[in-house]
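As structure tokens, here come the structures.
What follows is chain A paired twice: with chain B in the first complex and chain C in the second.
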Partner chain A sequence: MSASSLKRTQLLKIATSLVKTHGFTREALARSVLYLPNQKHVESKQDNEDCQPLSDTAVSSLFGFGDAARTTLIHAWLDEGINHMSNSSQPARNVSDVLHTRLDWNEPVLGYLPEAFALLSTPNPSWLSLQFDPLPALKHAHRIADEAAYLSMDTSRELAWYARRISLAGIYSAAELHQLTSPSTAHSFLDSLLTGSSSLEQKLGDVMLYSDYVYKSWKGILKSRGML
Partner chain B sequence: MSLLCSGAIRQSATRKWASRTFIRCTSSYSDRDQKTTSFGFKTIPAHEKESMVKNVFDSVASNYDLMNDAMSLGVHRLWKDEFVSSLKPGRRGPMRCIDVAGGTGDIALRLLDFAREKYADRETSVEVVDINAQMLKEGHRRFKQTMYHNTPQVSFHEANAQELPVEKFIDNSYDLYTIAFGIRNCTSIPDVLKEAYRVLKPGATFACLEFNKVTNPLLGPIYDQYSFSVIPLLGTLLTGDRASYQYLVESIRKFPSQPEFAQMIRDAGFVTGKDIDGAAWNNLWGGVACIHTGVKV
Partner chain C sequence: MFASSTVTRGLSRCFNRRFLASQAYIRPTPNDAATSTTPSNITLEQHAALDSALRVDHAGEVAANWIYRGQHFVLGKQPDVGPLIQEMWDQEKKHLAVMDKMQIQHRIRPTILIEAAKIGGFGLGAVTALMGKEAAMACTEAVETVIGEHYDDQLKEMESFPSDHPSIPLLREVVKEFRDDELEHLDIAVINHAQRAPAHALLSTVVGMGCKVAIELCKRF
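Entry: the complex of A and B
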């Protein structure tokens, strides 16, 4: 990675730490430069004339115009959330601890999250007839579910692998939505969902097993009739 | 049309001399063993490029707008508007700008007008720098028709973009550096970028508007045909100077591609966005023109 890319990544990382005070805004990106280590901005903090956030033009140049810069910041913050799950985990933690850790990551910025998620769900280009793009939300839930399963040393295979992740994605999405409206009960809600999910998982596994059986049966029938 | 003809006649002596000098320079190249650079599709000794480019612009200075209109069918005005509006001068208070290779003042005027109209900013200033005295003279003449004439908001300086005088263009002193349709005419682009980095303040922006590689596969052949057939012909018809227009068209093809130029900007020390359209650069009209930006961090 070149020095230029490293600096951009550094600025983005610093900006994610400013989200709790400035929100997912261009202001957070602009102020990130003030906290770069070993920079003139920090060295000359005594002299207010030299200590300036990045200009709007500079933010646009580095991170994108208008809301594109905010979207970049939101994605960077979500990536940091994934790293937070990994860094906080110990070997062989259970999935409940990992998901609780991820919910903790949301707490300092809960007030800004609804707008951030709404921004991610805005379809691009906006002239499309779609009012809402569900893909970012699904990707977000899937990433967390996948990381949680990996960190909890999940050993599922084949269809069970997918079932596990779909289940965890659904649980986490529900818990996160609950957290936006009732932060104090979010963790207990997550626990109740995880408890209930084990039976759901079993049912899903049964459905998939039955589907597999039906598929193989039909395959055998078609082969015996010479159609395959 | 009669004005164009009289203008053509008035400039004929200069153009003929420029053409002869152009031919002489290319034929004497083989006798030298020196560092070389491109002058359009021709390879010439590096030390000759400056004077040859100067001759081209001496020749086209008085008809510069006509040249740009011919090359871009008038669209260059829209590109320059887009360039300046993307920079938003004056949004966060007065800025000290430097517009290099901006002799005729197109960009400088747009910067000042934008700051004034959008943000009621009458303190933003632009220093117009050009190596060509004729182009600066043209710019000065144009600014006399505006409210900025004889104000501290605009000033004109004759200087080489590759070697800005240190005493006049101090380190870390500008908030915005712009160069529009000029960097491809410089002998050493890295030197220009190095000087840009030097004079910009930390946190300031470098912005370059330039003709570039057309990425659209349908538009590319049409653009090539127009460039190599129509533009030199227009140069001959409108100003009687085919060689200068031929150089201008060839110089566009020799300019680095969008990712290559973005890398050169990073090599000079700037930080840019990702190497994709819409980040480190922004293609206009499929890449016919392109805005590259970088930030000194």
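Entry: the complex of A and C
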């Protein structure tokens, strides 16, 4: 990785920590340079003429023009959220702890999240002329579900792998949307969804087991009559 | 010619049995990084290549298991070919067990076409077995030819992966071992008169093309 791209990565990482005070804005990206390790933190231009936020041109050249820079910051913040899930607490955890940890990551920036998600869902101009692009939301939910399954040592295989992740993505998405409107009850809402999901999974497992017994019984009956 | 290469390969395996790479997964050592972690320093393109490669390998082993299950369903009771099919099937079961663990270790998305692979595999195995034991062997010959070439191509691709993480050299050794096993099955099929199957050339071409299409589909889906 070149020195300039390392610097860009460093600035982006610093900018994600400024989101809670400045939101997902070009200003957060511009001010990230003030917090580089070898820079003194400066608030006022009078204190040090050399230490100023990045110019708009610099932000555009590093992170993209207009809202593209904000989108870059949002994606970087979401990536940090994934890292936060794995960096917290002990190694072998259950999926509930992991999802709660991820919800905690949202709390400092809840006020800025609706606009951020709306920005991500803005469709690119194309001949499809969709009003809303669902792919970023689906990718976001899938990443969190996949990370949660991995951290909870999930060993699902084949189609159960998909079922597990679709279930977790649905649960997390519902909890996150709930958090945007009612932050105080988000964690209990997540718990209720997880409890409901595990009871549904158990019932489906019982149905599969019963079906297996019925199948084996009939197979035995047909074999004993010489039809198999 | 084929008999001697099989014997040579067989003897080589006897001497090297304790060095089989797959044993690292069959009898894992606790906290072994080679079997429990995945490299984090590979590029996005390399990760995508690893993801599609292991997805195809896993799907291939599932399909191979079901092909032999289909063949065993029809020919399992025949004294000359039944035990042979059982032996090859047992080896594929071992391959699948290892692939299941590698899929979880490297966080690979399994193919969504897994049920189609099972149905297709069983159907292919059963239909060719109903055509006769030579046709069943011809099916094995065609499938193992494609799989052997596929594993070879993967080994070439994996040469570019960084070897500092212990899982990558182990992955290469496992793929080599499985390639050799599949080629051994090919030899066994040829020795057991695969080429006497009715319309051998047509059957081999159709089965081979089907395998290649399946590989391309599983890489993407």
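Simple rule for what comes next: the second predicted complex is superposed on the first by the 185 of 228 C-alpha atoms of A that agree within 3 Å, B and C clash if a C-alpha of one lies under 4 Å from a C-alpha of the other, contacts with A are read in each partner's own complex, and residues count from 1 in each chain.
Going forward, a residue touches a chain if its C-beta (ideal position, glycine included) is under 8 Å from a C-beta of that chain, and two chains touch if they have at least 3 such contacts.
Bear in mind that the values here come from a model prediction, so they are computed numbers and not experimental data.
Asker: Is A:Leu62 touching anything from chain B or chain C once the two structures are fitted on A? First, second, both or neither.
Answerer: Only chain B is touched by A:Leu62; chain C is not.
Asker: Go through the superposed model and pick first if A:Glu158 touches only chain B, second if only chain C, both, or neither.
Answerer: After superposition on chain A, A:Glu158 lies in contact with chain C alone.
Asker: Check the residue A:Ser199 against both partner chains and state whether it touches chain B (first), chain C (second), both, or neither.
Answerer: The answer is neither, since A:Ser199 touches no partner chain.
Asker: Quick one: chain B or chain C, who's touching more of chain A?
Answerer: Counting residues of chain A touched by each partner, the higher count goes to B.
Asker: Who does A:Gln52 touch here: chain B (first), chain C (second), both, or neither?
Answerer: first
Asker: Once the shared chain is lined up, is A:Leu36 touching chain B (first), chain C (second), both, or neither of them?
Answerer: First partner only, chain B.
Asker: Between chain B and chain C, whom does A:Asn87 touch in the aligned arrangement: first, second, both, or neither?
Answerer: After superposing on A, A:Asn87 lies clear of both chain B and chain C.
Asker: Would you sort A:Ser184 into first (chain B), second (chain C), both or neither based on which partner it touches?
Answerer: Neither chain B nor chain C is touched by A:Ser184.
Asker: Thinking of the overlay built on chain A, is A:Ser4 touched by chain B (first), by chain C (second), by both, or by neither?
Answerer: first
Asker: Spell out the part of chain A that touches chain C in their complex, as residue ranges.
Answerer: Listed in rising order, the residues of chain A that touch chain C are 146, 150, 155, 157-159, 161-162.
Asker: Under the stated contact criterion, what part of chain C meets chain A in this complex?
Answerer: Checking each residue of chain C against chain A gives 62, 100, 103-104, 107, 109-110, 112, 114-115.
Asker: What residues of chain A sit close enough to touch chain B in their complex?
Answerer: Residue positions touching the partner: 2-4, 7-8, 11, 33, 36, 39-41, 50, 52-58, 60-65, 68.
Asker: Please give the residue numbers of chain B that touch chain A in the complex, ascending.
Answerer: 86-88, 91-92, 95, 175-176, 202-205, 207, 266, 270-273, 278-279, 293-295, 297
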